[in-house]
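Next, two complexes with chain A in common: one pairs it with chain B, the other with chain C.
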Partner chain A sequence: MATADALPIGRAAEIIESAEIGQWGAVWRRLRRHRFAVLGAVVLGLFTAIAVLAPVIAPAGYDEQDLLRRYLTPSAQNLLGTDDLGRDVLTRLLYGARISLTVAFTATLVATIAGAALGAVAGYLGGWTEVVLMRLADIMLSLPQLPILIILSAALGPSLQTIVVVLVVFGWMGVARLTHGSVLALRHREFTEAARALGGGAVHNIVRHMLPNALAPIIVAATLGLGNRVILEATLSFLGLGINPPTPSWGNMLQNAQGYIWSEPWLAVYPGACIFLTVLAVNFLGDGLRDALDPRLKI
Partner chain B sequence: MALLEVKDLRTVFHTSEGLVTAVDGVTFSVEAGRALGIVGESGCGKSVTSLSVMRLIAPPGRIEGGSIAFDGRDLLALSDDEMRKIRGKSIAMIFQEPMTSLNPVLTVGAQIAEAVTTHEKVDDARAKDRAVEMLEKVGVSLARQRFDAYPHELSGGMRQRIMIAMALVCDPRILIADEPTTALDVTIQAQILELLKALAAERHLSLMLITHDLGVIAEMADDVVVMYAGEIVESAPVLALFDAPAHPYTRGLLGSIPTLRTGKSEKLTVISGSVPNPLFYPGGCRFEPRCTSALPLCRERHPALARAPDGRLVRCFLYDETVRAVDPALLPVAREQRAAAAAAATAAAAAMAAAEPS
Partner chain C sequence: MRNYLLRRVLQMVVLLVFVTGLIYFVLNLFPGGPFDFLAFSSDPRDADPMAIQRLEALLGIDKPWYERYFTWFLGVLHGDFGTSWVMAVGIPVGDLLGQRIGNTLTLSITATVISLTIGLAIGIWSAVKQYSLSDNIATAFSFAGQSMPTFWLGLMLIIVFAVRLKWLPAGDIYTPGKADDVGDRVIHLILPVAVLSLIQIALWSRFVRSSMLEVLRQDFLRTARAKGVAERLVLGKHALRNALIPVITIVGLDIPNIFSGAVVTESIFNWPGMGKLYLDSVLRHDIPVSMGVLAVIAFLVIASNLLADVLYAVVDPRIRYD
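And then the complex of A and B:
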């Protein structure tokens, strides 16, 4: 095929090679060079592994009390000491990771999917759909979040499901606005017109053409949102509206520790440090992803 | 009957400044296997015409009148679902910018295969085979490997070939090409036009070619429609049009292109002025303010598209038998002559004013 824009063999081979790596390969390569992001991913991975493996690696049961062994300092038997009911703190931290991360991951996943779907539909269809959905998002964003979260949790009764539902209901707007903005810009690009000229329907075009192009900022927002939800879960649990004892979460461990903050401060330090590390790791990863997903930044 | 018949098409845009009639009573037809060229300056309504045929006019735009019959079915009467089945299947379209008309995050192969799976019940493997086959047909070498390339890895010419492959993979009856080569290098332009021509001949495909480039029209079209300010001003077979352009606007367009016969010292004609604001079209002939052969009548009355003796359609009083018959004084008067007469009259008036005692 002797066409003038046929490429010399070397260049063609290069193209084929880069096609094999693809967009996501390039993203992965850029992410790997971002040291803090790698660190964040490792820490997050570690916490996730801990959460999954908690029943296997925990030295005791999370609600095993021993009232004769209260407020112990770290020792070989209790690596991080014991709390006010003589429960092993390390065990409770491991199980706490389970609850805290499950809540944060689930709520983030559902809120991101819902937000992206609503935002994309609003941006693509326009008209009344857009007005209704985006004004709803604006209204939700202008409500004072914490008091309403408190009322909702109180009304629904504190439980794992409640807290996830509450975090989703108040967590979709950011991603929705972001996706809406991206899709508004994408809707006027020529390839959207070309997709419509090929006969694709609205749902097809949104799923296949709009969302993949808007994915990078959505992923970044979801990552940063994950950190936020770890804190929100801790806040609600701290206020007694999240996960109820004896089931441990980092938030209710903090709450439990506040009674002994002057005598036994490490009881607060451990869950506090876990929350801090997780959120920091998530933010590092989010930063790294933002850079890696932006093809204009050549790292 | 023609494959595509557009009658009195009227597409308007309700803008905040007022009503813009982008396409105003446009009538043309495309015969099976033939190529129609639509030519005109930017903003004359040629792209809106093509988007109207696809029914891809988005608000605030609206098709307000006329009919578009494809293969005997009125496209304007179809439901959205029925129209979607025609788009990309029976009527396909390629766009001006091959750089931006492809989705940047999908491989080109996936985009071609998608055109197949949108309209036909085939599995992914079969769709891929069809896409690769089509890539070979449009002259993409290493088709199986290029299937997995992303748009940004390909050159402009290559991308336009991909667009053509996407458009033709479902074997449409008619292809609308909106400025298909404007964004390409001249050498690549020629290749793409050759390719379109060859594919059209091979598949008995009708072409509707939108362009401002008379060279492309001469190369590709069988029939030509010249548009100005939302209207057709002349419609003729391509040879007749280039041999003897009738409408003053067409004459101006052709005169503005250098040819091999243009002498060194000869100047190209320039159509002075610019396209009228679509919010405020002149009341008479829309070309009158820029026309060098305008009659007094042209300012008052809007000429109809009338059949000239040789069968072509022209929207100009100069070719209107009735106008000529009624008043011989309406015969062409060159603008310069009129200007000279006016200047003489002013001079005379001035002289009289000077002679008069104050």
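And then the complex of A and C:
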């Protein structure tokens, strides 16, 4: 075990190096060395590109039916075959990526920003604001997630907007807790006192001095949360409480495939494989980011 | 200790009131009510808004939500969860829950016991043999399990073991006519339990591994070895006991996940438990039933968190409860 006054040479070199290339340069270098994280980033990038380019690269329209060409096995014309309404499975998968990733990215972005803001405000202001916000987070975290998402989606009426709203409303607490914890640790440090003494207001101090120091765990939590939301969207759509057909999402394609599981079992393979690959890629990336940003992080 | 317990139970009651209140409020967002269908009736007497209003007053659902919540809560204290609106009109929700809760507990307790046993075994093995081939395989398995949507895993298992190999049934709780055959029931239990367990093992084995690694680094283990304690005892007694303490918390915190998983798993395998009851009631807007299931789940979740905290304090003498 290395002690503080006897740094191993490699670690010392790393510190000198990071002084030259800056904090984010060092993070980038460490991330690049994590093979699975790079692989994850590439796969995620690929799926994102597919999602963006779906209308360009898809061989057909997503709801283009041909009842004379149903349940076809893979061929040159339909690379992954056709479904129960004669729609091209590959096309629907490509459009499904669009929906799944739009929902997951939007919900994660908004939930993370909201969580970071609420957590920082609670930690910085303290008092009643802190008690109310953090108790609320505790209560919401103690609810069983999926049953609550199910009932909310049903109450608001399943749609793309609903699912994003529901994922945001029940998705901010984790990040809020993390940020709250970081801010509490920073609130009484000298540089914060200095910033306050120099006349910095609450908003300025939070944005300029608190959040940058709390960023590492937030980024990791957001990344892992992204994968979780891909699964949640798919689950809700699978249960009929997410994206409504004929708009394809990986989840509702699986719901449809469930009905043909005895006759056309392969229909259930592709959408699930897409979900699995996407989430696996995100989790690899998150794991690499955790090591690269701060090896001491434990979330 | 007594004061600590008392305070925690009080907190739990307050939390339950808040949580069920929140859920009741959310359910209030549902459009329409149990008599909405009457408005579309061909009989003009049914569609009379006055008649609908009278019926709603009869059920007491014309009052504001917080008043109804108060009535509902008082009822629950006496074991009365109200009656079903749609699925089994007029049947007490408590009866519906009673029929289903046993099936859900069978499923989730079996899955929890299996996940814990296998998760502990894999976790301990991985930690002791860190960076070995078997540890790397366990890591890969864990990543895969955590990235796997429950329902897809269920569908894939059905395709492999029921559709292709025809070894296991694709769903239901027993073969019709064989309700008392224990072997038949066990066979029906295999696939749903496998789905719930595989994902839980992936999570728990990882946690046990890191908890165990932390303990393996400690000085008291070196002392034990120096004293000449057998390696098997060092690992099994000195290390494992300490590694298990944080595992208790994580298992307690994961109980809600198992219930969430049960909603999906039960609906895939047509398993007549609370999860399926819940989903059906939500899809058919049978609000008293949904509310009843959610209240039971919330109670179980909060109670298991409390149990985990108390166990933690009992097992670890370093924790002080004041």
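As a convention for this text, the second predicted complex is superposed on the first by the 274 of 299 C-alpha atoms of A that agree within 3 Å, B and C clash if a C-alpha of one lies under 4 Å from a C-alpha of the other, contacts with A are read in each partner's own complex, and residues count from 1 in each chain.
Note that a contact is a pair of C-beta atoms (placed from the backbone, for glycine too) under 8 Å apart; a residue touches a chain by one contact, two chains touch by 3 or more.
Please read these numbers as outputs of a predicted model, since none were measured by experiment.
A.B. asks: Mind working out whether A:56 is in touch with chain B, chain C, both or neither, as first, second, both or neither?
C.D. replies: After superposition on chain A, A:56 lies in contact with neither partner.
A.B. asks: Scan A:209 for contacts with chain B and chain C and give back first, second, both or neither.
C.D. replies: In the superposition, A:209 touches chain B alone.
A.B. asks: Touch check for A:195: first (chain B), second (chain C), both, or neither?
C.D. replies: Once the two structures are laid over each other on A, A:195 reaches chain B alone.
A.B. asks: Quick check on my understanding: which residues of chain A belong to both its chain B contact set and its chain C contact set?
C.D. replies: Dual-contact residues (chain A): none.
A.B. asks: Touching residues of chain C toward chain A in the complex: what are they?
C.D. replies: Residues in contact with chain A: 15, 18-19, 22-23, 26-27, 29-31, 143-144, 146-152, 155-156, 158-159, 163-164, 170, 256, 259-261, 263-264, 267-268, 278-279, 282-283, 285, 290, 293-294, 297-298, 301-302, 305.
A.B. asks: Contact residues on chain B for chain A in the complex?
C.D. replies: Chain B reaches chain A through residues 54, 56, 59, 84-89, 92-93, 95-97, 100-107, 114-115, 118-119, 136, 139-142, 145-146, 148-150, 153-155, 157-158, 163, 166, 187-188, 191.
A.B. asks: Which stretch or stretches of chain A touch chain B in the complex?
C.D. replies: 1, 3-7, 12, 15-16, 18-20, 22-23, 126-127, 189-191, 193-201, 204, 208-209, 212-213, 215
A.B. asks: Under the definition above, what is the set of chain A residues touching chain C in their complex?
C.D. replies: Touch list, chain A to chain C: 139, 142-148, 150-152, 154-157, 227, 231, 234-235, 238-241, 254, 257-258, 261-262, 265, 268-269, 271-272, 275-276, 279-280, 282-284, 287.
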